[in-house]
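Only one structure is covered here, and it is reproduced in the block below.
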Amino acid sequence: MSVNSSHDPIGVAVVGAGYWGPNLVRNFQASTDFRLRWLCDLDVSRAERVLGGYSTVQATKDLAAVLADDTVQAVAIATPAGTHLEVAMSALRAGKHVLVEKPLAASSAQGRALVAEAERRGLSLMCDHTYCYTPAVLRIRELLHNGELGELQYLDSVRINLGLVQRDIDVMWDLAPHDLSILDFILPPGVAPVAVAAHGADRIGAGRACVAYLTLRLNTGAIAHIHVNWLSPVKIRTTIIGGSKRTLVWDDLNPSQRLSIFDRGVDVASTEELGDEQRRDMLVSYRSGDMVAPALTEREALRTMVEEYARSIRSGTPALTDGRSGLRVIAILEAASRSLADGGRLVELVEWTEA
Amino acid sequence: MSVNSSHDPIGVAVVGAGYWGPNLVRNFQASTDFRLRWLCDLDVSRAERVLGGYSTVQATKDLAAVLADDTVQAVAIATPAGTHLEVAMSALRAGKHVLVEKPLAASSAQGRALVAEAERRGLSLMCDHTYCYTPAVLRIRELLHNGELGELQYLDSVRINLGLVQRDIDVMWDLAPHDLSILDFILPPGVAPVAVAAHGADRIGAGRACVAYLTLRLNTGAIAHIHVNWLSPVKIRTTIIGGSKRTLVWDDLNPSQRLSIFDRGVDVASTEELGDEQRRDMLVSYRSGDMVAPALTEREALRTMVEEYARSIRSGTPALTDGRSGLRVIAILEAASRSLADGGRLVELVEWTEA
Amino acid sequence: MSVNSSHDPIGVAVVGAGYWGPNLVRNFQASTDFRLRWLCDLDVSRAERVLGGYSTVQATKDLAAVLADDTVQAVAIATPAGTHLEVAMSALRAGKHVLVEKPLAASSAQGRALVAEAERRGLSLMCDHTYCYTPAVLRIRELLHNGELGELQYLDSVRINLGLVQRDIDVMWDLAPHDLSILDFILPPGVAPVAVAAHGADRIGAGRACVAYLTLRLNTGAIAHIHVNWLSPVKIRTTIIGGSKRTLVWDDLNPSQRLSIFDRGVDVASTEELGDEQRRDMLVSYRSGDMVAPALTEREALRTMVEEYARSIRSGTPALTDGRSGLRVIAILEAASRSLADGGRLVELVEWTEA
Amino acid sequence: MSVNSSHDPIGVAVVGAGYWGPNLVRNFQASTDFRLRWLCDLDVSRAERVLGGYSTVQATKDLAAVLADDTVQAVAIATPAGTHLEVAMSALRAGKHVLVEKPLAASSAQGRALVAEAERRGLSLMCDHTYCYTPAVLRIRELLHNGELGELQYLDSVRINLGLVQRDIDVMWDLAPHDLSILDFILPPGVAPVAVAAHGADRIGAGRACVAYLTLRLNTGAIAHIHVNWLSPVKIRTTIIGGSKRTLVWDDLNPSQRLSIFDRGVDVASTEELGDEQRRDMLVSYRSGDMVAPALTEREALRTMVEEYARSIRSGTPALTDGRSGLRVIAILEAASRSLADGGRLVELVEWTEA
């Protein structure tokens, strides 16, 4: 299938009309880069309900018909993770570019197969790591890449809320992909996790962890910690990123001040030599930097993600969150699952570097 | 030394005029149970500054003179942890009741020696686990003991802020005693930690952890997680306590609503059998409980702690936070330090049950 | 035009494709009570953009054609306030039920003409006072009507944010209709404002007030105060409702705790006779009631409003926010404008009772 | 009485051992500028309780003896407002410098008498407008005086909480002195209120207003609005200061971010000529400035106030919050009381300019 001219919209089909599919439908419809052709779901009436009573988009349960449609150049998959391999592989083999909801696949072996297939065919395989395309995360990435925060020293992320206990996956596979994909996205070149330990609790006898803690070791000595929880009555989505120059706090639930950047000033070498009084003065002085909350545009992340997908397809270059990034996230999840089953043992991430 | 009649104030001396000593001085002076006789510090001018220019209390650097004073029945120690053994042991041997700032001692071996000495002499050895005496923690204890929260399933505590990098101890030994003593205080009889794993990072090359995460396994299968951090530009002191009946959130920085008690309602057995639509309805219904923020009196914790110290001395019964509780806290810290040094390996708490 | 059977959807046209129209389009499309036939705007390309490239709804700039369409039984108007009289009157004269965005009309004289025309023709004239249909306001109304808060004593509402300086109206006419329609909606029968005073400031030389304060006197002696502001860098939407039994706080920006209901306990008669110490105890005791945050469903207000519109049309009974309620809001705004021009003089609301 | 050399502490007596007196006692004791000689209260046992069982300061009920003590050069008065004239006048006539808790006196006539007496005798008469000496207000003053906020356009202050209904004064006289003294303190030279209107409600039949709203007109056309309330279950202390260049928000209950300074950018002249789309873009752009939260030292305001009192006494120059500033605050309160009694009529502030 030839690359589109930059003037023609890219024909796209969405597969999966459950929780996430409708968001893709809405954003592809709003984009001039794409022309939405199909919404495909095994339950065609669900697809029809999502489209509503006023739409010209076709609903179907027949994936083969969608893949046989030459006006479709791209397929966006929002089905359960266990089906990603089959649906995405079919689409790639039909020559379609593929966008997959996180996680990329149910295992890293499956993910590797998809990445290999897409690379062999020269197709764009993109993972819908939506949060990476929020104005906040894009800014954080910029601040880490251009050195304004200094070198990353620790990252602490809390993502907790009441959430439905999933039938097939634990809370780690449900929620941590957000944090892990963000981490993968913002780390400067050369910085990467090398090991992970995980603890969890099956609070309600659900047969899988509903509360989990992941600790990642980076090759720089930095640490990243992630707390995910389905059962918290309070909703918290806060990430603290400690850099050698500044510390950033991202509170995603505070729309008027999502990012706060603090000057840091503690310098342990100097405090070591000081007396008590001097150290107290020191403490005061390192609190004394101003805090800046940069203005961010309010833009739906999915809109930016859809643009990046179009850019990737049109340019023939990998998306910012390409299949390989999806694969790195799965590799960590798999290692974390092994750690969880083994009492929190630190598990090395060989897959990460190989991916 | 004979137990005081309940009418005479108990003569007390404070040892240590650094950060915490002045708070003890102020609260002993405000209590009718005690008569403050001495403030002792190796730097006598520091003791004099703390007392100020209008006080009738004596400042001294001579601990032996204090211990030889028959009008002194009790000694409160607020010196660095490394000196607790020596000062407390001298006081006990002089027949004084002893209150020690947390942690009880620099090691569990030292702590055991103090506990044994106090018990042999029939003296009250109390650990100043101040937070246990806040109205919030007293209420939490009551809610767990009387079953209103149901069985504890998880506890998540975050205690982070900018703080002075300590010369002699890491962040875990500095801050986690608060959380561990609270945990020890609120757990119902028969429930106890059995293992701990810890991860940490020396963010700024201080030679000791400035960020640390502790995961505790309880004998009931519950999990407790503690995040302590000296280097966070935002101050957070929030604990979530998930019970089988209700979930409680304690936000110590929100004076008008420190405790929030949420009805919980997720029941995984029933959701397993349901379809997607039903599960979504389920989700709505389990969010639908009201939240109650109980009224709490505003009372300084140290005032209540001082009352408990007097009660313990006068009744000859252990304080709520006696030496043994201080010992249990140290045992966990030691195990956590071993875990920290060993890549986060889960370390069993034999000391805990023996203590 | 005969009333629909309860089984057939009501044909509806939306007039105005600016800021608010798209929300009406979306909600009418999602409702099984309605069938959206037209989106009408003088700028037909704007209407087409709103409908998007996948819609079967017709865009037009020809209002006469819409009004001549027999399949249209209802018209929803979201055009500038200055055009409400003309568009709504045409629709009523064409026998259509009419929904009008707030404010009902540009003056109470215009509003009275619309109300009279609708009543003469037996058509439903409804004002889209959207906030009245939020779960929070519906609950507040219930709490005031069933006596749980006791008698209303004061209401304080703050609605401030950065907002576009409007070309044709001041901040009072732009934002206060929200608060005034809520007040009208929640007051129990027999309770009504009788006078209003207003102060404002044209902070930026815009030729109209950008900051305004309204004080309303009620026939019960209660007071209501409204602060509206286009130029606040912080967004606040908080209403405090003091009742004789309980006080309610509505913070619309806190989705996890929009409503907080506090027991009140101050009883001035008893405190008068007390000494200082007793009064201090008193203070403590009247703070000591618990706070309850009732669970609210999260439901889009416009969806409930659209249902109420259908109910009104089908039953032939006035909507909860009918034309008369819209008229009462305008009467207050007119009196407030007179007060504003006259140095904050208290202006009596004769129009209110006559309306 | 000769002015002290700058090396000798100033002998001081505190009169009044009720709510505020103990704070003065504590701060005078901590200051090397002063030597506290007496604590005087009609109820001497109350004075003794305040001093506690360890103090060398003398308690007395005999004001005459205090005033006759030559080692006392200054008197700090924390008695009920109705007694300020008598106590302060006696002290001035005895040649003592005088510090008075707010309000300066019970009426402007009384206040003028005190100011005249102090000026005649060359004594420092200072009003303890404590809030003016907080780091936040000192910074706000600096930002308004040096032009960083531009010209003041509006000030909105909310100071609400549960508070004891006072026996002798309404909420306006109890709480608004804080806001009015701050306003007086921060306004640049030449800017002053010229009129005030007030509305209030006696919510609970207390015989005096428990909720009040003050609107002040300034000679520049700016507006200041103050909401004070004894009966709010939520505590709010937020002031918004809109300047022609920047807008500042002071949230006194957020210790980690008391001040937030926002760039503003709306420029109505330019938006007038723009179309809808352009105006929307405009809106985005004027939101797009960063916010800066300047670091503030945490310092007790009373400590700074006590230093300023010493400076005033030693230098023979008026304190920043001298008697005249106290007089200006009373003049506004009196005018506001007249407005309150007269239905919110705007009352001109002749007293202000004469004071």
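The chains carry the letters A, B, C and D, assigned in the order they are written, with residues numbered from 1 in each.
In this text, contacts are C-beta pairs under 8 Å (C-beta built on N, C-alpha and C of every residue); 3 or more make two chains touch, one makes a residue touch a chain.
Everything quoted here is computed from the prediction, not taken from an experiment.
Q: What's the minimum number of touch steps needed to get from chain B to chain D?
A: Each step joins two touching chains, and the minimum needed here is 1.
Q: Looking at A-D and C-D, which pair shares more C-beta contacts?
A: Pair with more contacting C-beta pairs, A-D versus C-D: C-D.
Q: Going by average Cα coordinates, which chain is farthest removed from chain B?
A: Relative to chain B, the chain whose C-alpha centre sits farthest away is C.
Q: Chain C to chain D: how many Å between their CA centres?
A: About 39 Å, centre to centre.
Q: What's the distance between the Cα centroids of chain A and chain D, rounded to whole Å?
A: Centres of chain A and chain D (C-alpha means) sit 52 Å apart.
Q: For chain A, what residues touch not just one other chain but two or more?
A: 234, 260, 287, 291 - these are the residues of chain A that touch more than one other chain.
Q: What does chain B use to touch chain D in their complex?
A: Where chain B meets chain D, its residues are 29-30, 35-36, 52-57, 234-235, 256.
Q: Touching chain D in the complex: which residues of chain A?
A: My answer: residues 257, 260, 284, 287-295, 297.
Q: Residues of chain C touching chain D in their complex?
A: Residues in contact with chain D: 18, 153-154, 156, 158, 160, 162-165, 167, 197, 199-201, 203-207, 211, 213, 215, 221-223, 225, 227, 229, 231-234, 240, 242, 244, 247, 249, 260, 262, 264, 266-268, 271-272, 276, 279-280, 282-283, 286-287, 291, 343-346.
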